[in-house]
Amino acid sequence: MSKFTRNRWRLKLQEIIYEADTPAGKLFDIILLITILASIILVMLESVESIDNTYHNFLNISEWVITILFSIEYIARILTVKKPFKYVLSFYGIVDFLSTIPKYISLIIGGVHALAALRALRLLRVFRILKLARYLGASNTLVNAIKASRAKISVFLFAVLIVAVILGAIMYLVEGEANGFTNIPKSVYWCIVTLTTVGFGDIAPQTPLGQFIASLVMILGYGIIAVPTGIVSAEYTSQSKASKVKEAMGNSESIPNTVPVNSQCCSNCLSESHRDDAEFCFKCGHKLHHE
Amino acid sequence: MSKFTRNRWRLKLQEIIYEADTPAGKLFDIILLITILASIILVMLESVESIDNTYHNFLNISEWVITILFSIEYIARILTVKKPFKYVLSFYGIVDFLSTIPKYISLIIGGVHALAALRALRLLRVFRILKLARYLGASNTLVNAIKASRAKISVFLFAVLIVAVILGAIMYLVEGEANGFTNIPKSVYWCIVTLTTVGFGDIAPQTPLGQFIASLVMILGYGIIAVPTGIVSAEYTSQSKASKVKEAMGNSESIPNTVPVNSQCCSNCLSESHRDDAEFCFKCGHKLHHE
Amino acid sequence: MSKFTRNRWRLKLQEIIYEADTPAGKLFDIILLITILASIILVMLESVESIDNTYHNFLNISEWVITILFSIEYIARILTVKKPFKYVLSFYGIVDFLSTIPKYISLIIGGVHALAALRALRLLRVFRILKLARYLGASNTLVNAIKASRAKISVFLFAVLIVAVILGAIMYLVEGEANGFTNIPKSVYWCIVTLTTVGFGDIAPQTPLGQFIASLVMILGYGIIAVPTGIVSAEYTSQSKASKVKEAMGNSESIPNTVPVNSQCCSNCLSESHRDDAEFCFKCGHKLHHE
Amino acid sequence: MSKFTRNRWRLKLQEIIYEADTPAGKLFDIILLITILASIILVMLESVESIDNTYHNFLNISEWVITILFSIEYIARILTVKKPFKYVLSFYGIVDFLSTIPKYISLIIGGVHALAALRALRLLRVFRILKLARYLGASNTLVNAIKASRAKISVFLFAVLIVAVILGAIMYLVEGEANGFTNIPKSVYWCIVTLTTVGFGDIAPQTPLGQFIASLVMILGYGIIAVPTGIVSAEYTSQSKASKVKEAMGNSESIPNTVPVNSQCCSNCLSESHRDDAEFCFKCGHKLHHE
């Protein structure tokens, strides 16, 4: 295989793995999506004892098939990236490695339960799916609205936490250890359960005073649930208007100070969201691949 | 009975069954509505053992009355439709058949419980009521708002599901089988119970670390409940404005690119929502009935 | 006492009882409010066995004080109203009578628990407080927003109910009587508990399929909680704008097609919300009292 | 130490303690924040018996370190304030004193649990953190929206309380003492638990009629949760627009009738939020410190 052929091969592979806009790239992404979902369902089913006992062989073989598919993908990614070490040490690189390795380890060591924990790491791969979901038009306004209100919701949740700590300490003093409020952290846990209107009922106030304070906590929680909703509503409305302005401008024109981007991924530094008409990576200056 | 008289009879029946705008049609729809509601209440009451023991005869006779009414309706629909087979094989045709047949089967076979399951299928008939509810003006804006935000809410719920899977797997590893988190699917179930702030309490974290993670899950759920609300609020506000524009235009004029429709149903292909001034069905070209 | 003096007395009493804008009327309303609240707290405390045992005498005397105050108010209302029979047979007339009588009955009959039930009727008097609350400026926009969205919320809640019936029947078939879903009404009850995210946990699905369906129910409930919120938000925003327009117009001017009303109550027919400059009752034509 | 040097020292200390805009002041605030958080975590950990048994010595020493730091801060505040008695008797003065003293008392008296209660008072110090949080830009719109809707939410919560009392009394009569509804206050407590969709499940209706009423309560709660959300959404949207107007005006210009304020605190009367260009305290006329 001449160096030229190898390069063409690599370019083709790059296109398949890192771009979601070409037919081959789309097919790769869909197969990857299905494999990840299948691997997640496998991890879930294996944890159910009765299913594991009955279909042990089938699950074992499926595990091997998925492990081999993940191995191929992992090796292909290393081969096509210009700086393999950067990929290996990146977040996705580590997740890809950790989600591939457990089955190989199980050949050497026999302990099942500890490996289940490792295999569960494979769940982190769903973030790849989330990355794909980003290209769904529907979620853009949503993600923007959440991003815009992130700071405000953080401040709000911090305030909720302080309220939970204060009320938790009060409930600890009022109810005492006899009624399940054995210590302040547990009391704070109960308070969060109540403020968020979850209400497990594993711990519940028994004294009249405790029930009175609990009522106040609940009504407070009922009142403040309105706050994050109000924030997101307002942000979403303004995001929605901005995207409608964009549509009104002919859908091909963009809102000021933004340009259309595509799903291409730089094969050198793995950065994303390049301009549609970009020739070079905006981050490392590497030449981008074009058809 | 001459063919002509038979035809006039059929036309009259068609008008009664398939149109909700004539007095006879309205009466038919209201009687149908009451019969369906009565049949649903009957199915519910029969499932209560103490009531079934005391009023068995009354319930049995009521069942027969409703079954006969449903039989008459089913036969009338077959007689009046131009293409009976199409109706019989349509969704409503099958539901109508399945909700009529159980009582007749009970004459042959005696098993009570299995037939209760079949009778419960009658509940699907409530969709006919929902169809009627569609003509309630109040629900139009509502339905439009939900339709418009469907895609966004789906993306959101999918994201919630992924979060539930990841957090469920973590809780399985943290709490373990001893505390009720016997397998990952059950853990994911617990996570959905908690994220949606339902909180049954049949499974609850026992370890301090589990309770700490549970607190994060609850606060997360509290924060993200704001998202669908924000979406619907924004959509509803814009839908509301559109319908107010319509009202401002004189209520007789419609918003651009829409025409007033009526509740007539084509007797040939059963398609609905024809233009008020339509002479022929927009789907099959069949001549529509006019008074 | 001459007829003239009696009439002046009656007019003064009328002013005190039926108008909330004069100083004497305000004082009467505040005393009434405190008495009602005190009587409600008394009913609540008496139901607590330990408190009733310890403070029986104090509670008994307080009951008599409140009963006498209520008796005086009831007689005063009858004396001042032009058509006493109309008042006696009106909703408030019946509530006033029923909330006064139990203590007198207890002199004749000794049964304590049955009378507690009657005394609880006194709680209906809080509607008088709600009537007073209506004059709080803050609640006007709120009440209008709720009124405007009433129809839409009803349609929505009806849809929720149908969903609960269908899902309840499915859960009854899936979980069966062994897991607490003893009959369809109980199943529907569980479904409402779950859809509204209350989640008592007294009944909880045990089978994997049941838990899967429950997860769907919860996510559905989580998604649809957004709908009433969206409706009220949108209505409230538009109500808010209308009231701001009013404010911008100088606060003395009203929005088109509305006039300022006051809290005066016609002494003949008890109708309320007369125009500030009204000379006669808009309902019965009776001359209104002026200072 | 000459009087002049002492004054310069005091001025420097004042700057550090009461101003958050200078580097030294920022450092002081951050150290204070960390110390308060550490002291809160200590109180929480000490209440956990197993942790207290294992790390008793470490926790004891940490307590002393924090107590000494708080003592230094308390003395420094007294020394630098012009009217020490006013500070000592102010809310923060009392909180600072009470959160410092428990460890010293523990030297004299040995009772552990009672002191834990006193130490818990230290949690009130988090209000100082909240004060700092006020300067976070993100929370301003939030706080304004909550302030603006406070009156309306109060009216709403009062209405919810009345509904809870009425429904609680009904449930007490329907379910009775046998099913856990032992008295009306407990019934009202259950009603609040249900209306706010918390749903502990420690008390749950057992009779069919009770479950039917409970369903109505839940659907009601589901419907009215929309109200506070609608209020805050509407207020937040209008607050948001106001702050955007401010931004559009160039960010340096303020909205009409407001001026930029800073975090300086008058060393005489401890009042805050002085104008950026203020030379004298707006409350007591004392000369403000400038760099």
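Read from first to last, the chains carry the letters A, B, C and D; within each, the first residue is number 1.
Here is the rule we use: contacts are C-beta pairs under 8 Å (C-beta built on N, C-alpha and C of every residue); 3 or more make two chains touch, one makes a residue touch a chain.
All figures in this text were calculated on a predicted structure; none of them were measured in a lab.
Visitor: Go ahead and align chain A to its copy chain B using Cα positions, then give the rotation in degrees, nearest 5.
Guide: Result for this pair is 90 degrees.
Visitor: Counting C-beta pairs in contact, which chain pair has more, B-D or B-C?
Guide: B-C
Visitor: Answer with same or different: of all residue numbers used at the interface between chain C and chain D, are over half used by both copies?
Guide: Since fewer than half of the residue numbers are used by both chains, the interface counts as different.
Visitor: Approximately how many whole Å separate the CA-defined centres of chain B and chain C?
Guide: Taking the mean C-alpha position of each chain, the two centres sit 33 Å apart.
Visitor: Report, in whole Å, the distance between the mean C-alpha point of chain B and the mean C-alpha point of chain D.
Guide: Roughly 47 Å separates the two chain centres.
Visitor: Please set out, as single numbers or ranges, the residues of chain C touching at least two other chains.
Guide: 48, 185, 188, 197-201, 208, 225, 229-231, 233, 237
Visitor: In the complex formed with chain B, which residues of chain D make contact?
Guide: My answer: residues 48, 197-201, 208, 229, 233.
Visitor: Show me the residue ranges of chain A that touch chain D in the complex, using the header's touch definition.
Guide: Checking each residue of chain A against chain D gives 151-152, 154-156, 158-159, 162, 165-166, 169-170, 172-173, 182-185, 188, 194, 197-201, 204, 208, 211-212, 214-215, 218-219, 221-223, 225-227, 229-231, 233-234, 237-238.
Visitor: Which residues of chain A touch chain B once you look at their complex with the stated criterion?
Guide: 40, 43-45, 47-49, 117, 120, 123-124, 126, 129-130, 133, 136, 138-139, 141-142, 145-146, 153, 157, 160-161, 185-186, 188-189, 192-193, 195-202, 225, 228-237, 240
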